[in-house]
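My questions will all concern the structure given below.
Chains: A, B, C, D and E, in written order; residue numbering restarts at 1 for each.
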Amino acid sequence: MLEPINISLESLNLITLFPMLVPVIGALLIILIDIIKGGLDKTLFVALSILFLFIDFNAVLSSASTFVTDGTVMGVFDMMLIDGLAILAQLIIVGASVFFLPLVISGKSFHESSTPEYFALFLFMIAGLQFMVATDSLILIFVGLETSSLAIYTLIAMHNRDKSFEAAVKYFSMGALAAGFYSFGSMVFYALTGSVEINQIASVLAANNYADIGFVLVGTAFMLAAFGFKVALVPFHTWAPDIYEGSSAAMAGFLSIVPKIALFVVIMRLFEFLIHSGVIWLEIVLYIIVVLTMTMSNMWALVQTDVKRMLAYSSISHAGFVMAAILIGTTQSNTALFLYWILFSATNLGAFGMLWMSRQKELLAGQSSDHSYEKFSGMIQTNPVAAMIMGLFMLSLAGLPPFALFWGKLYLISSAVTAGYTVLALVMALNSAIAGYYYIKLIVYMFMKEPLEQNDGTIIVGNSSLVVKSIIGFATIGTIFAIFAVSPLLEFITAFVYNSGY
Amino acid sequence: MLDNILSILIFFPAVAGIFGFMIQKDSMRAYGVSVATIEFALSLWLWFSFDSDASGMQFMEQVPLIEAFGISYIVGIDGISLFIVVLAAFFTMIGIASLSDTKNVKNMIITLLMLQMTMVGVFVALDAILFYVFWELSLVPMLYIIGAWGGPLRIYASVKFFLYTFAGSLVMLVGMLFMAYFYYQATGVWSFAILDWHRLILPENFQLWLFLAFFIGFAVKVPMFPFHTWLPYAHGQAPTIGSVILAAILLKMGTYAFIRFSLPLFPDAATFFMFPIAILAIIMIVYTAMVAYAQEDIKQVVAYSSVSHMGVIILGIFALNVEGITGSIFLMIAHGVVSGALFLLVGVIYDRRHTKQMSEFGGLASVMPRYATIFGLMLMASVGMPLTINFVGEFLSLIGFYQQSHTLTLLAGMAIIVGAIYMLSAYKKMFFGEVTNEKNKNLPDLSKRELLALIPLSVITIWLGIYPKPVLDPINNSVESVVQLMHDKSITDEAKSRIPNLVKDIVITRTSKEAQ
Amino acid sequence: MEIYLYIALFAPFVGSMFAATLGASKKTTIAGIIPSLLLFVSFVASSILLNHILSGGEVVHVEMMTWMQTGNLYIPFGFVVDQISVTMMMVVTLVSTIVHVYAIGYMDHDKAFNRFFAWLSAFVFSMMILVMSDNFAGLFIGWEGVGLCSWALIGFWYHKESATWAANEAFIMNRIADLGMLIGIFLVFWNTGTLQYAEAFAAMQFLDQETLTWMGIFLFIGAMGKSAQFPLHTWLADAMEGPTPVSALIHAATMVTAGVYLVVRSNELYSLIPHVGLFIASLGAFVAIFAASMALVNRDIKRVIAYSTLSQLGYMFAAAGLGAYWVALFHLMAHAFFKALLFLGAGNVMHAMNNELDPFKMGGLGKTMKTTMIMMTLASVALAGIFPLAGFFSKDLILEVAFVDHHFIIYTVLLFTAGLTAFYSFRIIALIFHGEDRHTSLGFHPHEAYKFMLVAISPLLILAIIAGFTMKGTFFEMVTQLLPATEYHVHSALTYWIMTIGTQLFVILAIFFAYKKYMASDIKVPDGTSKMENSFVYKLLINQYYIPYFYEEYLVKSYRELSTVFWKQIDQKIVDATVDGIAGVLYNTGENTRVMQSGNLSTMLRWVVIGLVTILSLAVAFGLTVRYLDEIQAILSGLGA
Amino acid sequence: MEIGLNHYLVLSTILFAIGLIGVLKRKNLLLLFFATEILLNSVNVAFAAISHYHGDLTGQMFAFFVIAIAASEVAVGLGLLIVWHKRHSNIDLDQMSSMKG
Amino acid sequence: MFEAIAFYLFAFLTITMFYITVTTSQALHALTALAAGMIFISAFFFILGADFLGAVQIVVYSGAVMALYAFGMMFFDTTRELKEKQGNKYIIFGLSVLAAVLVVLIFAAPMVSDNITALYPMTEGVGNTQEVGMVLFTKYLVPFEVAAIMLLVAMISGIVLASKQMDVSQTLSKDEPIQESKKGVTS
């Protein structure tokens, strides 16, 4: 007979659940409202979602202040793990979402925005991602991951056109395969250590002195494949360009930022201890993957004719950069990862926002994709301000100082240098140079070519609205004046990462 | 105001540029000229307030930006950078004033003002990252200028220019990060301040690698053989104003950076690489001069001549003594003036005929005597005629390097021969002979606006050729402190013997911290 | 006295500037008169200085201002008027004043009259800097300055291809030598720490022989260029494309002697290195006969005179090289007078003959141009070294020097050259002024030059006649205060007389031979048919030993071709192509591997699995290796053993 | 012959490989989804076995959640297929290649 | 011994079934084989004493999932024979078999399995379901709830995607139907 368990409510630390519950409640509320009275305007749902995200953000902030005073907090039968990484990741997830979501209030009406479920799913997805980062149990990670993934598949498909479905189906199928890999990998670790909690796994493996290295490697291999797929590392990246192209630009931008940071945190949790415990194999394989990811995706980005696909490949490349931070695995590099990602978010928000603003419902004559380079040609003549802003984002993505992403790159490369990864630092630097080409290509089109005949400048801002413009404006300011934010960010992040033991 | 004059110099054009968006199109040129003139006046004021006898940095400003990572906004100026800043302001002014009627003149002027910000920034930055920021940022306006107003191959040329320099400087960035890391290791504090770095003594093998990393960044910019091929394209395709600024100021960033970074940071590596670099410089001098001789396009001749002259500058820098370095800095200014003027002159004829092929011309001396005269003057300055500005620089650079190697100086001295060959033959093709082409028969001579730009340049060319003292003195003082620093810092015997010790009687004890 | 120095120096500059400001406007005679007057002022000032020096006054030395100062290098604009420079100043100002006045007439019909005087006066200014500077850097300023003016004046008629070509040739060849000069200056600086003559020469006494030798050689290379010594001599003959006053002033009297001046100025250096001096002397002697031989057959009056100049420069170097610096300087001075005279006379002839230069198309001009004929004949006599004209005193002295120093080969060569000199000089005199009238049939109507031109050049005539016997003593007195006062006396009077008279007879014989051969009424105009013209020697000489041909064919052409190769093959096809190639490789890799993204879901899944399997294989390989590490090691060690 | 944990692991691996074959081979999306179910199921076997041999319930929990996930995936997957099928009347993945490069 | 026989039997059966599932060209066969395979899998669960899991497996898979798939098959009309263009079969089989062999290579060796402590040990004499419930509602309460959210998400997704709303795409329609209708209402 099992003993009844007595647990005091305080010991559960239910407060740790609070940030995740906020979007869940928000989502349910939205569904409820829709059931009670249908046909309400999207602005209401956007406002509600933003509201809940704000509350969420504040909740995370309050857990951040708890972290500052109490350090890492475990909760709900030690299932929740609120450490610095979790908080940072949640801040990025929720913060970035606040900016990406309102993009649906655009000048033109697209399918997803008219559906209240879109916002519900969006909030569920946020909740799923939050759960994912705030735990070290492989089970909760898996469930959170699937929650968000399933929501994302639907969100992509809700754009409701052939390419979106195609994208969703592709993403889904590959996601299912990755889920298989993930569960297999977890199984191996479980078999080895009898636990599915990363800390536990780490301590057991360390206690065994990595006796079953073969098993560990097999598990790591499967995990690497699964995570590699999720954050789009070469050769698991093949979904990314198609999915970006198929989704709306706003969604693509979101995909390039938010889910990935959650994954990075998980990867960091899982791989960091493996790398530090001298699993040289992982270091070598990660090294190869990182270099491949950065380099190959850059080369593919070179040959793209569509800006969104180009940005997709560029996002892959940036993910490679960030993986390098995990490979390096020092406090500085982990700090750099978050810094990089925050700055990358600001820039990518702007870049995809601009694409979104230029979205038209029908393809231009002679164009096969939404955002071909030609569409932007001669923008300096038709929409000078828009051209300059877009150019700014491109320069930032290229890592040109003093724009946002440069500082991330700087700190990241510096962490490589500090940790003795000289060659890696050089590879990163040279890849930035290669990347320069395709970002500059867009600038070339915008600033140095004549506009298409059919393009009188309205196309570029065809989908604009005050909201979209404000968000882009915010991204612009963020990108230009990033330098002033870097110092406080750096201190903040360093404190959180360092105190979480990474 | 004098306390913040450098920041004002940097950001005034940028702010003015942003305000420029509001200016009505027709008044834009007037606006641009006035802004540039104010900037130039400010730079002159800087010069007059500059204490020529001091060797250290002046007008320093320091604001921490990223304290945890040691990045600060530090600006300051010494004799090495002072005149390039003045020159940058001067050329922007002249450039805007002489701007012929181009499309989108508003964009052009705003771009030029932005470019000016980056140019001034590079030369006054005393923080490596700040330097890097301006260094990279300067590529963008230039990219736009070449790409939007250039010739038929403009996009290829501009992208090549951008990417080549960008790639090179990223390697340099890695070097900077290493340097900061070594500083961190030695002191426990992150710092990118150049003056802090100057105190750091690195082991020789570190120096060698870091020197190479910095070298790649600088060499592409200079541009040194074999990294020079972007330059002919950039010059060939750029509009006149682009070429002028590129040749006069932007190329100097590389050579300036050698003096600011490579020499004082890595004196032993500089000694170690002195001969290889000198050989590269000689190849630059002779080889590119020969290539220039083979050109059919007058602008390409001037472009390649730039490379050739930059070779002399490099040689002077790696003389590692006061004479050579002072000479090379002076030659930077001189080459700025002269090649800037030459590009302006090429622009004059291009405006009239829309071709730069020398075969299209001939006998212009009788059609455009004033033009021919000023061109001739600049030509003579370019080939290093004494009493013109170039000679002082070349003479000092070569005499400086002569201390290090006699044979190499002899080879490098061929600059005065090969330079004369291509320049004179180009001049002959364009200006001498009968006027054969009908289209050339009635070309108007220099207009007032063109003279406005060219006469000051001519005056400077002669004036500084005869009386370089006001410029040489401040340079000399600053260079002496650099050379002394190098001597004190150097650890190998080779470097100790190659780099002269200026303080003869005082025995210097090394107090700086050694990198662990 | 300093004020006179400045006047002497800057008066030509003011004149030049004055003419230059009028440069773009229409021809005005005033643009010629003012510079001429200012030059005269300069001449007067120089004379006062000469008087000052002659009367035992102090050497005038001023430092106007600093030019360059950095590190240990200190170069002022310093000027010195001592015995050497005052001689040069006198020669320069005198000849140039005369040439200026002459040119007012000569250039009368030229559109670019004003420009001509601007450059001509600028040349004088540069020359004054050259001779008056108190340091090597200042010398170099003048050195390059005269080169520049020479370039502008040779190419004065810039619409003529040959003129501009010659101008560039002269400039570039001089530049080659200037490099040597520059290196010499560097050597001086790094070894003595200064470029001031006085201090540098003082410091040289303590230097080792090798350094001094190099210094001497490099400085002399500089001198070789300006003074057109072999093998840098070809430009001088081509420089005759310039207007004749230019040839007279620059390419006969002044600029080309700058090299001699340099050697004389550096006598303290060369005295320390007699072996270099011997080399200089030998080269001088060689050039003397080499140039004279080419003058024998040339069919261009100006070129003949140019070769003669070259030959005389050889004499000067021979003297200077043998340590007889004052003799060299003396010959320099005398030569300036009669050679300028000769050129100006030739100018008159050209003027009369509408710029025709072939003496075979003249003949019998003596009838219409009596004054010119007398002048040129006397100048030629002086050149040939007939007693008591200037050439005798200076040239014979050089022969004596060679003889007394027991350099008999040099002596013989120089002696033989003296004969050749006489021959070719009188060959053209005879062809121009005597014999049959060959020009009327060609449509020429010669006339005598303007009176004032003739008057202007008459001082030269007088000097050519009297300079020798009136000045030698004073000159010796004066310059030997600065230069080694070596007196050359043949030990026995008998030998001396035999030598002198023998030389005179030899020369006179040559003159007669020339007259006889070319005054005949039926001289054969060379047309490529005569036996002599087909002889090897004649061809060699008329083609200037094929040296210009060699330069053009093998140096100029290969330079041009090499340049094209560098540009088209190396720069574009190797250096640039590598850069583009790297970019291309990246781009093509992207292009070729993008098929990986076929858009087909199966392919995408397959890539994922391939990735997994690859990682797995690595993992398993690594895992198995670790697991069986002991066994593997055992096997390996077994293999090893 | 004792059936050990390794037996189950090997079985799981074999089943997983079969699933992989299916994923790679199938062009019909529905059948491709079948294969993904096999992948997840194969892992479940292993989890249950490990749970058994370690005497620990966590494995069963994991398997339980995997089943839940598999079920959810089916719902979403079928939803996507239905939309696609409505438009294109096929569920052949070879037809889906409008985006490439 | 019984365990061994059962293991091999069911192993053979599941492998066969699943193999049929992935190779047959008849969709119906595939579905049936899959369902059978799922049930055979549950047999392992029972063998291993995970009764609750076995039950869930049968209920969820054979019940819910298979029903959904069956419905899907009817909807997609895939009862006819499948024509699948095949790429290179060897690559497919090669890759999969290689993956299996690689993993088996490692799995063939026994694990060291020291230091493993069962966090949630099975208690003797307590029913599996009870145990599972105990753990599920304590330790795994949060995942359980998240799984609930996940199922909700899946449900909403399914509904949204399959609903009629998706039939008319606003993304593709040129005019703005909602605003049109609104205008219609107001006017």
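Everything below uses one rule, namely that a contact is a pair of C-beta atoms (placed from the backbone, for glycine too) under 8 Å apart; a residue touches a chain by one contact, two chains touch by 3 or more.
This one's a predicted model, so the numbers in the text were calculated from it and none came from an experiment.
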Contact-graph separation of chain D and chain E, given in steps at minimum: 1
For chain B and chain D, chains touching each: A, C
Those chains which touch chain C and also touch chain B: A
Chain of greatest Cα-centre distance to chain A: C
Interface ranked first by C-beta contact pairs: D-E
Most distant chain from chain D, judged by the mean position of its C-alpha atoms: C
Most centrally placed chain - per-chain CA mean versus overall CA mean: B
Rounded Å distance, chain A centre to chain E centre (Cα mean): 27
Whole-Å separation of chain centres (CA-atom averages), chain C against chain E: 98
Approximate Å spacing (C-alpha centroids) for the pair chain A, chain B: 43
Computed distance of Cα centres, chain E from chain B, in Å: 68
Chain D: positions in contact with at least two other chains: 5, 9, 16, 19-20, 23-24, 27, 33, 54, 56, 58, 61, 65, 68-69, 72-73, 76, 79-81, 83, 93-94, 96, 98-101
Multi-chain contact residues (two or more partners), chain B: 163
Where chain E touches two or more other chains at once, by residue number: 91-92, 95-96, 99, 102-103, 105-107, 109, 111, 113, 116, 118-119, 131, 139-140, 143, 147, 150, 153-154, 157, 159-161, 166
Which chain pairs touch, all of them: A-B, A-C, A-D, A-E, B-C, C-D, C-E, D-E
Complex contact set, residues of chain E against chain D: 1, 3-4, 7, 11, 14-15, 18-19, 21-23, 27, 30-31, 34, 37-38, 41, 44-45, 48-50, 52-53, 56-57, 60-61, 64-65, 68-69, 71-73, 75-76, 78, 82, 84-86, 89, 91-93, 95-97, 99-100, 103-104, 107-111, 113, 116, 118-122, 128, 131-132, 135-136, 139-140, 143, 147, 150-151, 153-155, 157-162, 166-167
Of chain C, residues touching chain D in the complex: 594, 597-602, 605-606, 609
List of chain A residues in touch with chain B within their complex: 380, 384, 395, 398-402, 406-407, 410-411, 413-414, 417-418, 422, 425-426, 429-430, 432-433, 436-437, 440-441, 443-444, 447-449, 483-484, 486-487, 490-491, 494
In the complex with chain A, residue positions of chain E that touch it: 102-103, 105-107, 109, 111-119, 123, 125-126, 130-131, 134, 138-143, 146-147, 149-150, 152-154, 156-157, 159-161, 165-166, 169-174, 176, 178-179
Chain E to chain C touching residues, read off their complex: 87, 91-92, 95-96, 98-99, 102-103, 105-106, 109
